[in-house]
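The first chain written gets the first letter, and so on, giving A, B, C, D and E; residue counts start at 1 in each chain.
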Amino acid sequence: MALKTEPFVLNIGPLHPSTHGVFRLLATLDGEVVIDIEPIIGYLHRGIEKLAEEREYQKDIPLCDRLDYVAAMSHSMAYVMAVEKLLGISVPERAEYIRVIMVELQRIASHLLAVGSIANEIGTFFTPFMYMFRERERILDLFDMVCGQRLLYNYMRFGGVSHDLPEEFIPALAKFINQMPGYIDEYDQLLAENEILLVRTKGIGVLPPELAINCSVSGPTLRASGVARDIRRCDPYSIYDRFEFDIPTRTAGDCYDRYRQRIEEMRQSLRIIRQAVEQLPQGKVNSQVPIRVRPPQGDVFVHVEAPRGELGFYLVSDGSEKPYRFHIRAPSLINLTPLREMIIGWKLADAIVIFGSIDIIMGEIDR
Amino acid sequence: MLGFERYGNGIARGMAVTLRNMFRRTITTQYPEERLNVSRRVRGNILGWSSEKCIGCYTCARSCPHGCIEITTSSRGARGPVAAPCNQACPAHVNAARYIRLIREGKPDEAVAVVREKIPFPSVCAYICAHPCESSCTRGQLDEPIAIRMLKRYAVDNDTGLWKQRSRVAPPSGKKIAIVGSGPAGLSAGYYLSKLGGHSVTVFEALPEPGGMMLVGIPAYRLPRHILAADIKEIEQAGVTIETNVQIDAPESLLEQGYNAVLLAVGAHEAIGIGVPGDDEPGVLGGVDFLRQVNLGRRVELGNRVAVIGGGNTAMDSARTAVRLGAGEVTIVYRRTRAEMPASAEEIEDALAEGIKIVFLAAPSGVTSKEGQLLLECLRMKLGPEDSSGRRRPEPIEGSQYTMPLDNIIAAISQRPVVPASFAVDTDKSNRIQVEKETLTTGKKAIFAAGDAVLGPATVIEAIASGRQAAISIDKYLGGSGDIDETLASAEEIADRASGPSEDWRPGVAAIPLGGRLDGFDGVELGWSRESAVFETERCLRCDITYNVEKYRLNGGLCIYCGLCVEYCPFDALYMSYEYEHGWYRFGQRLLEQEQLLVPDKVKPSGYAHPEIEETLPQQTLLIDRD
Amino acid sequence: MTAAGTISQASALASDWPGNFWLHLLVFALIILAFVILTVIILIWLERRLLGRIQVRPGPNRAGPFGLLQPIADVVKILTKEDTVPGWGDRLVFWLAPLVAFVPVLLVFAVVPFWNGALLADLNIGILYVLAVSSVASVGIFMTGWASGNKYSLIGAMRDIAQLISYEIPMMLSLAAVVLVAGSLSLNEIVAAQDVPYILLQPMGFTIFFIAALAEANRTPFDLVEADSEIVAGFNIEYSGMKFAILYLMEYSEVVFIAAIATSLFLGGWRGPFLPPFLWFVIKMFAVFFVLIWIRGTLPRLRIDQVMAFAWKFLLPLALINLVVTGAQVVFWPQAPYWSLVPINVTLLAALLLLWARFFRLGGSRVGI
Amino acid sequence: MQALSFDEIAGLISAKYAPEMVAPSQGSLVVGGEHLLEVASYLRGTPELDFDYLISVTAVDYRGHFEIVYHLTSLQHSHSLVLKVRCPQDKPVMPSVVSLWRGADLQEREVFDLMGVSFAGHPNLKRLFLWDGFKGYPLRKDYSSGT
Amino acid sequence: MEVGRERIYSAAELDAHEGALIEALRASSQQPVTDPDEWLQKELQRNVLVTSVDAVLNWSRRSSLWPVICFPACCAFEFIGASASRFDMSRFGMDILRGSPRQADLLITAGTLTWKMAPQVRRLYDQMAEPKWVIAMGACGITGGIFRDSYSVVPGYNRIVPVDVYVPGCPPRPEALLNGIEMLRQKINARSISTEGE
């Protein structure tokens, strides 16, 4: 005999410990079971696209940093690449290598945060999160060394990067890339086989590959569903064609796979950094592009593999010093498309984990 | 559906990890007691501003993404002028910064006077100067350099001859000087020796007309002949005698004729070949040879398909001239990329606009002739590491040969001087006359050398500077003071500037339409109107004047420490420093006035955008080093 | 097991120590109150410092030496904070709930022996009393959840009730096994009976008790009641000021309570060589605290259906088997020496756990919508 | 499994559709608004094209008309394509492609919210970032934030 | 179990309600709230003897500042960084991050505030029990920072809530935040219950 139940609405967010910022999930619950959700976003909509269109090209670099503040390097690099494509200028070799090192370090830092958050949402009392923050702090130290900031770097410039690496950078980086695999093993030891984590993530929130493709999901979330789409491989940009690395994929597409996927990508990023450090040439780090630029008329779409997925910049230039149209293809936003299918039918606690495993950053979603 | 197939093994391993970490040393920085040496480049909470270095150019305020910096300047107590970068970069040290201000005040004639203080060819330079001043213009780091040459052209076009009022003429000294070659170097030396030295100067020219490379190397569509003639006329009016169609074989003979000194300014008129097999095939021309023939009005037969080898200005001139002579398909072959091309950007643009194709990253490897048709064999190149000149060295790609069928090939790679053996002066391996650096004396008594003959292929302005140097040296040699400076413009008062240079870009330069261009050799470029010229002068940062900064204010609550202002300050007047104790209790408390933006000796600046300081700062203490 | 009885008789304090009935009541009421509050304060400090150490940071160290005064600062601050009552809540219930939740936890300590015979009331139905009274706290928690008029707190409270009812049963069964072995319901008697700590005689019982106690006290991995990442602060989300202080105290008192019960029933209570019995009691309690904090610093949280499944499908059958086995041992082999019972029971524990782990499945599947 | 170049794709398209429906221009296909769904389902459904992944949807305000830009790619063939659709400013309505690519869902809502172009057939077309009652469409060129 | 959400709430109504709230707040917050520290200056001037009750109260309050979770944007990660192992805010007794505003003392505004978010933050502040403090962290929190000119950004938290301490930076480094907290602790130390509520 079925109990007569009555659904009720639970408003999760916008300020909630697990919403990664200000995200509102209007969940309809039947007891603990989520029977419907409606994501409401826009609580961090700062109008970056409009602001960028009102500002000159070089002044938009700080804005791009603030899109995805956990992966500022990747975002400013994508933007700078788009403007470089518009301007038709090339980047010195050394700058390309520095960019790759920075972006891959950024990917590790971002994935550390993502994995730590997943662990937090499953309910560990901050411990894995703290461990991962410990290693993230080391990466931030490296960034700090290079450009003097910890979070929003403003490091990329048209035609290169703003500063050369300081002399103490390479030894510190070498030490980091030697120690990091050990730490990743420690995370695995702490989490990967933990039975509670397994029952909380395995088989939960499965995203089938067909749905993922149809919903234009990208990044680790897509690859965890078994689709090997990585812009670094399928449309190589910068100098990624010179490195040897794998595109790890997983098959189940559940929360556990999304977590493992990020761990694997960290290892691959370390591999890329190691090769980049070995090959790092000497030379200039920027090609003396004037501060203000006026790209010729035209439009350009540049996409890169940001830590959260396929990040695209669509710029339209009308020949003036300000972009005419500045559009960001934000991976986090589009990765939210299948959220409803993934969450419905699971319990409230699962909903939080599924949501966390997609790894979104509100700055990028709301812009 | 999962359970405990592994009997809690995973949980146990996790517990082991946490237990192990319990006994690790903590990684915490015990701030505020303990402080790490943060990054040496930290973009910290303190913005420092140096009133010593700041000239009030407003670049910081303009570079701020959202307007944190407020700045007002005035001329009260302004210091200067000192030598601006443009002034320093000019080989002849023409004070560009000053005449730009004069143009802004509506005094083009005074501006010409400023130019005339240093060079006797204001009009020629106004048309074809390679403008090293613009390359070093501070504004160029920001967006586009000031169009100094175009401003000079505006001044020259609107000259009233005011400079003559203050012109100084030295009394005759009775000494005679012979100058071989009537190029920019020879004529400049002659002008100054005659006007300010009081010597009697005779210039000997082998060609039928005076002007040297200005005449035979530069096509008339860039430098209309009447402009050149006008400048030479001024020189002749200063007392210089020019004898054309005279070939001098031995300088000693001139000394024997009674000349007290001889200046060899024969220029660099011999084209260097491509240096590949077959470069002597008929149909392969030298760049300067080709231009000389054309400019002297002689007929040159060109086929339809012409390739120009090289990436310098001579290559551009040759190609554009070839187009005007009726070549249908002109291709420039260059072994590097556009970024490395030595030709000036305007010329490249114009060449492209006139339908000339440029093949980058290709180098000729051989020329063969077949049934009256030339075949140019090329190798594709790729850019390797940077060489000593800072340009990336081209490296051939193996097996990438391809051929181009052509009618003519113009080798515009480089030139070298032609110094007849009868001169009997020392030359180096590229045939340049060896002189002493300062005095320009050759090994022989009373024989001097200047211009391209000494420098190798250089620019007009460098030749003029060399001529000036020779004039000083010769005047001293002949017992004069060597003072060839004169003041032609009136003294300057610094005008107020409350709002900084304009944020606009260079106004466009009008040119005669493309359709009419290719039929003849009329001057392509048209001058600026007064409006355009003044508009352009507003862009000048006035690096030579230190304005009095009345108000410099930073909104500390708005600032995001992006560091762009520090990075973009052309005068290193801004820096950042590190200290975090900068919270406050009241809104609006942190509008930092000039006084609060700390004086440099009180704070330790960070190395951000100041690499020179970086060495002296303590090393960064890293978390990595702490375990 | 008469030997145990003799120890109990020999060193026991008089039942009305230190004087008459009223003095006894007063002194022990004070002792219990002071003990609970002091232990809670130390526990809070210990937890924050230890979690800090687990997370390679020092934890609170500014308020007082080693940050020892940190919990006191917290308490003073919370007590002097504004007391808010949500306008849409049930005022009276909102007021009563913290008391209803806290008092039973305090009451439980009446039967906990700190020393041989040093307890407020040596009830001969001690364990029954413990189980009965401690369950009342859940009513208080449910009242908080209901009265707050907040969906999060209601979810938290519902979870608590569900959890409590489920885990009460395995817990009771595991304690029943102890009672069988000790032959008494009085806690003091049970302690006195432990010539060998019952953790060795009753490894299965201890395991079940410990897990169930974690759930009862809402500790990780069963802290669904206040699951921070899901339902923010759970049942106490609307509480502030003094009432929140009481709820906070209640939570940690529950931890002290389970540590005290575990110590008394399984770890030999106040018994131990050399040191005074009271100290032994405290040391053993802190050992339990350490394990609790360690678990909190490591493990993630289970989901509500998994928590329930774990209780009903895993713990309950094992507890029943344990009870049957223990009963059999007591009935058929009452004079069994410890050296033979300990290995037998440990092997039994291992075998049963392995067996159950093989077949037991956690985790519910998706609900079709 | 052959990646097609833009010209080959354009050739395939122009063989099937009249130039006023689809016209290649500067590396992108300009599609007439009313034919978008037809062309899009052809692009999605044809095996040799197989554009199964919609990278991005955005709109540009060219003062007078909007241009909706679709970036498509095929995971299998790894070729990509840009579709541009114009719609007049006075009647900013477009057919929605959500039925073909669910990935357009939030992006079309974004365009609707910030640019004011509505998509006929979108399942849940309402403001995404801004709140109900916000006046104007900020990304339009004539929008001024002055209050 | 087919239950449409329409039965429970109407999306359109909810949106309209939210929109009205935002517009009302926006209209009423065109001027900054005065900073609640006028008494600070007076206090220092009057040099009132801080009683022992005050001393204990202030000590306890400053030693146990529990921040509420309000992490809109970038600064959140520096805030988390400050509470993570490297800087460990818990040393000052701030390790208990309360998700519930009722139990928190300190609102650290870690990120850009948009008008859409403003009613929530205002409500969060209203729900916090007295005594409560606010630290405006970062340029966005103080003035709107780089997004000040935007159509949807509140130019500073002090339009919505009174702010006690401003910590500049974008984002402020954890050291700067800790310094701001230290400043707040000093401010708390200067309080007296006799003047409370003024």
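FYI, a contact is a pair of C-beta atoms (placed from the backbone, for glycine too) under 8 Å apart; a residue touches a chain by one contact, two chains touch by 3 or more.
Computed from a predicted model, the values in this text were never measured in an experiment.
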| item | value |
| --- | --- |
| Chain C and chain A - chains in contact with each | B, E |
| Path length in the contact graph (chain D to chain E, fewest steps) | 1 |
| Central chain (by mean CA position) | A |
| Far-end chain from chain D, centres as C-alpha averages | C |
| Rounded Å distance between chain B and chain D, as computed from the means of their C-alpha atoms | 47 |
| Distance between chain centroids, defined by C-alpha means - chain A, chain E (Å) | 28 |
| Chain centre separation (chain B, chain C; CA means) in Å | 83 |
| Rounded Å distance, chain A centre to chain B centre (Cα mean) | 43 |
| Multi-partner residues of chain C (at least 2 other chains) | 51-52, 54-58, 228, 232, 297-299, 362-363, 365, 367-369 |
| Where chain D touches two or more other chains at once, by residue number | 127, 129-131, 138, 143, 145 |
| Numbers and ranges of chain A residues touching at least 2 other chains | 8, 16-17, 35-36, 42, 45, 47, 50, 62-63, 127, 130-131, 134, 137, 152, 190, 194-197, 199, 202-203, 366 |
| Interchain contacts (touch definition) - all pairs | A-B, A-C, A-D, A-E, B-C, B-E, C-E, D-E |
| Of chain E, residues touching chain C in the complex | 1-2, 56-57, 59-61, 63-64, 84-85, 88, 90-93, 95-96, 98-100, 102-103, 105, 127, 129-131 |
| Chain C to chain E touching residues, read off their complex | 48, 51-52, 55-63, 67, 69-70, 72-78, 80-84, 228, 232-233, 236-241, 244, 367-369 |
| Parts of chain A lying in touch with chain D, wherever the complex brings them together | 41-42, 45, 47, 49-50, 53, 211, 213-217, 227, 229, 234-235, 299, 301, 303, 310, 312, 314, 316, 324-325, 327, 329, 333-334, 336-338, 366-367 |
| Touching residues (chain side chain D, partner chain E) in the complex | 126-127, 129-134, 138, 143, 145 |
| Residues of chain A touching chain C in the complex | 8, 10-11, 16-18, 32-33, 35-36, 119-127, 130-131, 134, 190, 194-197, 199-200, 202-203, 344-350, 352 |
